Amino acid sequence: MDNKYILTVSNVNKAFPGVKALDDVSIQVKQGEVHGIVGENGAGKSTLMKILSGVYAKDSGTIIFDGESIEKSTPFDSLRRGISIIYQEFNLVETMSVGENIFMGRFKEMSGMRGTHKRAAKLIEDIGSRINSHTLVKNLSTAEKQMVEIAKALSFNSKLIIMDEPSSSLTNDDLKQLFQIVKLLVSQGISVIYISHKLDEVFELCDTVTIMCDGRVIDSKPASELTRAEMIMKMVGRAIENEFPERPRCVGAPLLHVAGLNTRKLHDVSFTLNKGEILGLVGLVGAGRTEIARSLFGADKVRSAEFVLEGERISIKKPHDAIQHGIGFVPEDRKQQGLILPFSVETNISIACLKNLCRGLFRFVSQSKERECSKREIENLRIKTSSADTRVVTLSGGNQQKIIIGRWLEMHPMILILDEPTRGIDIGAKYEIYMLMKKIVEAGGSIILISSEFPEVLNLSNRVLTICDGKVTGEFDPEVASGNEIMDKVMG
Amino acid sequence: MTVVKHIVSMNDGRLERKARYFLLNHMLVVLLLLLVIVTAVVEPNSLSIGNITSILRRFGAPAFIALGLTFAIITGFIDLSIPGIVNFSAVLAIYLINPLGQVGALVVVLIFGLAAGMINGLLIIKSGGTTQAEGLFITFGMSQVWSAAAMLLSQGKTQQLRWCDRSYSLFTFLGSYKIGFVPIAMVVFVMVLILLNLLQKRTFAGRCMCLVGGNKTVARLSGIHVDRTILSAFMICGLMTVIGAVMLVGRVTTASPTVGSGFDTNAILAVVVGGTSLAGGKGNVFGTMLGVFLVILLANSMNLLGVSTHMQNVMNGAVLLLAIWADGRKTSQLK
Amino acid sequence: GGNKEAAGSQGTGKPLRAVWCSAMNNESQPFAYKMFKKYMAQYNIEISVLDDQGDAAKQAANVAQAVAANYQWIIVNPTDAAGIVTAFKAAKEARPNIIISTYSSDVPDDAERYRDFFVGMDDATAGAVAANAFIEKFPNGGNIVEIGGQAGHNAQILRHDGFISVMKDHPEFKILDIQNTEHWATDEAQSIMEDFITKYGKKIDAVFVHWDNGATGVISAVQAAGLNGIVIVGVDGCKAGFDQVREGTQYATIMNNFETQSIASLELVSKLLAGEKVASNNYAEMDIVTLANINEFTTPEW
Amino acid sequence: MRIEANPSMVQEKVIDSGKFLYEHKAIAGIVFLYALAFLYNLNGNSGFFSSYSQTLILIKATVNIIVACGVTFAVMTRSIDLSIGGVLALSGVLVIKFMNIMPVWLAILLTVLIGVIVGFINGFLIVHQNLEGFIVTLGMGILLKGVALQLTDAHPISARLSFNELADGRQLVFGLARIPNMVIIMLVIVVISSLILRYTQFGRNVYAIGGNYSVAKYSGIPVVRQKWICFGISAGLTAIAGIVNSSHLGAGNANYGDMTAMIVNCAVVVGGTSMAGGIGGVWQSAIGVLFFAVMEFSLNIMVRNSYVIMLIQGMVIVLILFGDSFGNKKRRERV
């Protein structure tokens, strides 16, 4: 069984206009193993997976799955063959029930609505979940949606399940359950391809790891033969001694007081942010961290709140007010809230500072200035794009995130709120983003950092607030406090 | 040898692609030229100054309306209230000439245009409607409301400028007079076109409309005044529609309370044929002008060619579908 | 005097409930309705309106609704002459003694049994009168263009057919071109005329345009082109037509006298109620208004 | 991981019951109108509650309900079908023309077939060529009306009187009431298409495509074919509606259906089928159309001035859709 390869990919190439996404890629996946794939943003991981699942066609090369050569394939063919994929973005129809999502397009095979729900309920139970199959997907939490995706993959009796960054929106608890399920799958002889930027997970879960860089496979080895440092070096092509930069220490005088912030979800949230400080917010999914960030930025309706910036009461009713006061915000959902996907890199970078690029009574946008500013950020943040006119929809996740950050850097914000800034972003780019954060605070700005990755918050923040159920439950100095202490408060 | 062959074939492909790309890209211009040439061959009079003047004069009303609509569409909406606004403002203009004088009447209807646009915008903003679909039927309802108002005001009667003691020179000046062979309406239109093109392509406000049309959430989170932008787009649309109505009244010197019907369809077709995407976020003011030209020239040519009214509908539909198809091909090639 | 007696013949009791079914966005209709209202009190009739906005299906539904609402007299100006017949048939089946009359334009000949009487101008005659006006004006013949009303509208069809039926016997006249409009819209008429001028230039001697407000557009086009002496004949006899005839820009208008027609309708109903027989087709006088006789008519207010 | 029963769920129940009214606004509207008519009926004798009137309302709504059933399929896939006006006119004309040269059943079959083909052409342009449904169907509508005009030379064409029986003949249903055939046809179509949409593979796929196109595609649903068929159904059912319409009126005319496109699409949305796709159904659409019919019928009784009726209708459309988007917004905020 050990020697049997369920999937053999050899010399696959794929080019998009302007980028060579896959360059002679070869990978072999054994039956019943968890095969990790790591690599920087834009390394080509998702592209490879989309070729396997039939979304894209390969330009050349061969793919042999389960002894069968795959030439042309559609997503449905792949599913029928036994390749399921859980995409980076959720792929469920929000307006339909769980059961129907699982058996989408196979209503007849399931002999109607009743059969569908019966089978779905069984599948869900098998993976140890208790979701009602009649629930509409839009009423599910992130983790539950993931469960539904997995159930859907299982429903095809898949031999290979591809998970493209499944953990990027899960909390630790949910992650544990996911791991259990993956192990369950593997024990049944199903192979799993697991893509993640969280190296800990990869080490914990994967038997074999393939490292990709710039569309090429750099190495493919059993996980046990790899060290973390080695892996990182291969991924980014250089050694990174520390995953986190040295904690910036330039905390100054109080800058912003938030007092009595109440919304539908938040109860009397009060805190202070100092100059040059990185303030971390930790909490479980749904604790209300995003809500705090959005309220502060004026993006949501606030019942009552008092914001005092540098001793002066300010009123923030809409994002525009916040921006006027030098607050920037990187939202967690970059596709829906962060970027205008069909627009160019340049347009996306210049949105927030557009006013400053205008001149004259009629506010003509200076195109040279706009070009300058986008060039500057592209170089500064090393955004991988063929030109400033490329449409951002074609960029990889990490590069997309950098564009959003670049947008705010152009504004020289006093306070930058980062909501999950490194979700789905590779180690190299993460480090760059950390360095950026450091630079911002060193230049006198302040940062509010929201992240579901505890190490990240604890290693970067000067101070940490724990949020639970819309309330601030504690305040810690991460250098002093122990992880358990903090976790206690996070749980409420 | 094989290498050379390969290069040659690649070049061939590229040339062919280029040619096809060019054709698709300039389909509208090609269509227009074709139309002009065919008509000129069959009916040489079509190139006479008289015909050109008459086309240019006819151009005024639909052109202004389509121009305004372009902005609503860029911002991600479709304004279906156009017929109602035209109906009401045309009737209102003539009604007001006696009590207010021509300048007064003109000013009031222009203000009405802004107000009608603002009402559309406010209804959409206040209801939180962010999608095209939500705006579509609200503006359709408003069209009914304004049409009914026009009916109530006129009691169904066609209003005549001549009933206003012949003091209608300002309106006829705008709608019928010409400098050389160029009608005033055309001169005004070109000026407005240039201004609005600048507004759309070069200014902050124009960019805001594109951004809002692209993604409202992102625009809002980036500090763009989304509401204000939507409002201004609809106000531009309302104002332009009323200017169109004034040009129409000036040209034909009458205003019936149903005069506006069909203007919405023609305007939407002209805008889309001109290369502005209904999805929002992308617009082409000059394209709209060409689109209107296509719609008008089509009617003119077919009248000259002696195509019956009935067949004209068929031809209109077919040519417009062709133009839309070509535009669609173009964008899908760019993807 | 006679009017009062008619009312008296109905007794002083409840007034007759009548309903007016037509397209109130067609400009002649609100005026015609107003004429009815003006005289109905004298006949002890009360009248209300059901508007179909130019939609044939709606008009059929309105007639049915009128039956449901127990109206005793339904006056219909057919939006679509062929499409209203089944509604009449159903109405007569549901309430045999309901009075149905058509006004202004009539249903097809074979459907006349489904309505009690028709009062109005025969649109075909209007076309024919227009043709005769040209024949009289140009003894040696000439070139004519025709600009029709809304394509498919009953009045457009009949006016055209009537016009052609006379003209086809007069080879000295040449019909250069014919185009219809989409909405009885003045600007459409103007555009069509402009194109005709481009195409035929000075060849055009005369224009037959189906409605006076359309003639306004034709006149604008003719004046803009600087042409003189084109003879324009319109139909309707509305205020615009009168004005144009008076100022000499329009040669003649064929008058549809709603006042006399409404009185005629009311008289006919009174007779029916009194148990008398009435004629099925009651064509109104077709007045042709030219500069010569214009002072014999009062200018209508629509 | 699991949702435990928590206070917020209880709260949500309360919200749910408030949501009921909003989700069933068309039914609520109909109930309101009946209540109003009941009050009104106390004062005057309008015959509103007679079985004759009630049947009349159904007859009035029938043609548009059949159209709406079809359009629902198009709207469910997140599109719109504005060609239905043209299809309605053309099919009404065609069936009468065909009847003169072939047996009735064949004429009907052929007409429906032509409708379906038109739908497939729409679908081809929209799905295969990736064009905007709005604009393609708009252009197609113009084209088809032109064809109808050309075929009839703009004359209405009368059908044999026997053809009228198809729609207006009455059947005794369950020994209770004599119901016109057209109403029965309508009910059958509503029931069948609603069953198809609700309980078949095809129907569920339509929901999936409307809910999320790419998910449906990646789940192996033949999205292209499916969408194609939806447009086929839309135009096919509209062709049936056109036949019923012509049979009911006893004539065919290119002008029939001029108002249908906007009104029916609007009614579908008012009924609760979302233009954002994936939500709604045939029943909802039918109720939406019925609401408009009841409104028109009762306004005809209650309001004397026809222009005021028009005004009220416009305002009701605006108000309902304003409320609709407002509700959407509130719901978005709640999530």
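Chains: A, B, C and D, in written order; residue numbering restarts at 1 for each.
Please note the rule applied: a residue touches a chain if its C-beta (ideal position, glycine included) is under 8 Å from a C-beta of that chain, and two chains touch if they have at least 3 such contacts.
What you are looking at is a predicted structure, and each value in this text was computed from that prediction instead of being measured.
Engineer: For the interfaces B-C and B-D, which has the higher count of C-beta pairs in contact?
Structural biologist: B-D
Engineer: Which chain maximises the distance between its CA centroid and that of subunit C?
Structural biologist: Farthest chain from subunit C, going by C-alpha centroids: A.
Engineer: Could you grab the centroid distance between subunit B and subunit C? Build each centroid from C-alpha atoms only and quote it in angstrom.
Structural biologist: Roughly 35 Å, centre to centre.
Engineer: Quick check: how many Å separate the C-alpha centres of subunit B and subunit D?
Structural biologist: Averaging C-alpha atoms per chain gives centres 30 Å apart.
Engineer: Mind checking the centre-to-centre distance between subunit A and subunit B? Centres are C-alpha means, answer in whole Å.
Structural biologist: Inter-chain centre distance comes to 43 Å.
Engineer: What residues in subunit B touch two or more of the other chains?
Structural biologist: Within subunit B, residues 151, 156, 308-310 contact more than one other chain.
Engineer: Mark out which residues of subunit C touch at least two other chains, giving numbers and ranges.
Structural biologist: 24, 151, 180, in rising order.
Engineer: Which chain pairs here would you call touching?
Structural biologist: So the chains that touch one another pair up as A-B, A-D, B-C, B-D, C-D.
Engineer: Would you tell me which residues of subunit B are touching subunit C in their complex?
Structural biologist: Listed in rising order, the residues of subunit B that touch subunit C are 43, 45-46, 48, 50-51, 53-54, 57-58, 61, 151, 155-158, 160, 162-163, 176, 248, 251-254, 256-259, 261-262, 299-300, 303-304, 306, 308-310.
Engineer: Can you list the subunit C residues touching subunit B in their complex?
Structural biologist: 24-27, 29-31, 148, 151, 177, 179-187, 190-192, 194-199, 201, 213, 216-217, 220-221, 224-225, 238-240, 243, 302
Engineer: In the complex of these two chains, what residues of subunit D are touching subunit A?
Structural biologist: Listed in rising order, the residues of subunit D that touch subunit A are 1-3, 199-201, 204-205, 207-208, 210-212, 214-221, 277-279, 333-335.
Engineer: Using the touch rule from the top, collect the residues of subunit A that touch subunit B in their complex.
Structural biologist: These residues of subunit A touch subunit B: 297, 299, 318-320, 322-324, 329, 331, 336-343, 347, 351-352, 354-355, 358, 362-365, 407.
Engineer: Help me check something: in the complex, which residues belonging to subunit D touch subunit B?
Structural biologist: Residues in contact with subunit B: 80, 125, 129-132, 134-136, 138-147, 149-150, 153-154, 254, 262, 265-266, 269-270, 274-276, 305, 307-308, 310-311, 313-319, 321-326, 328-330, 332.
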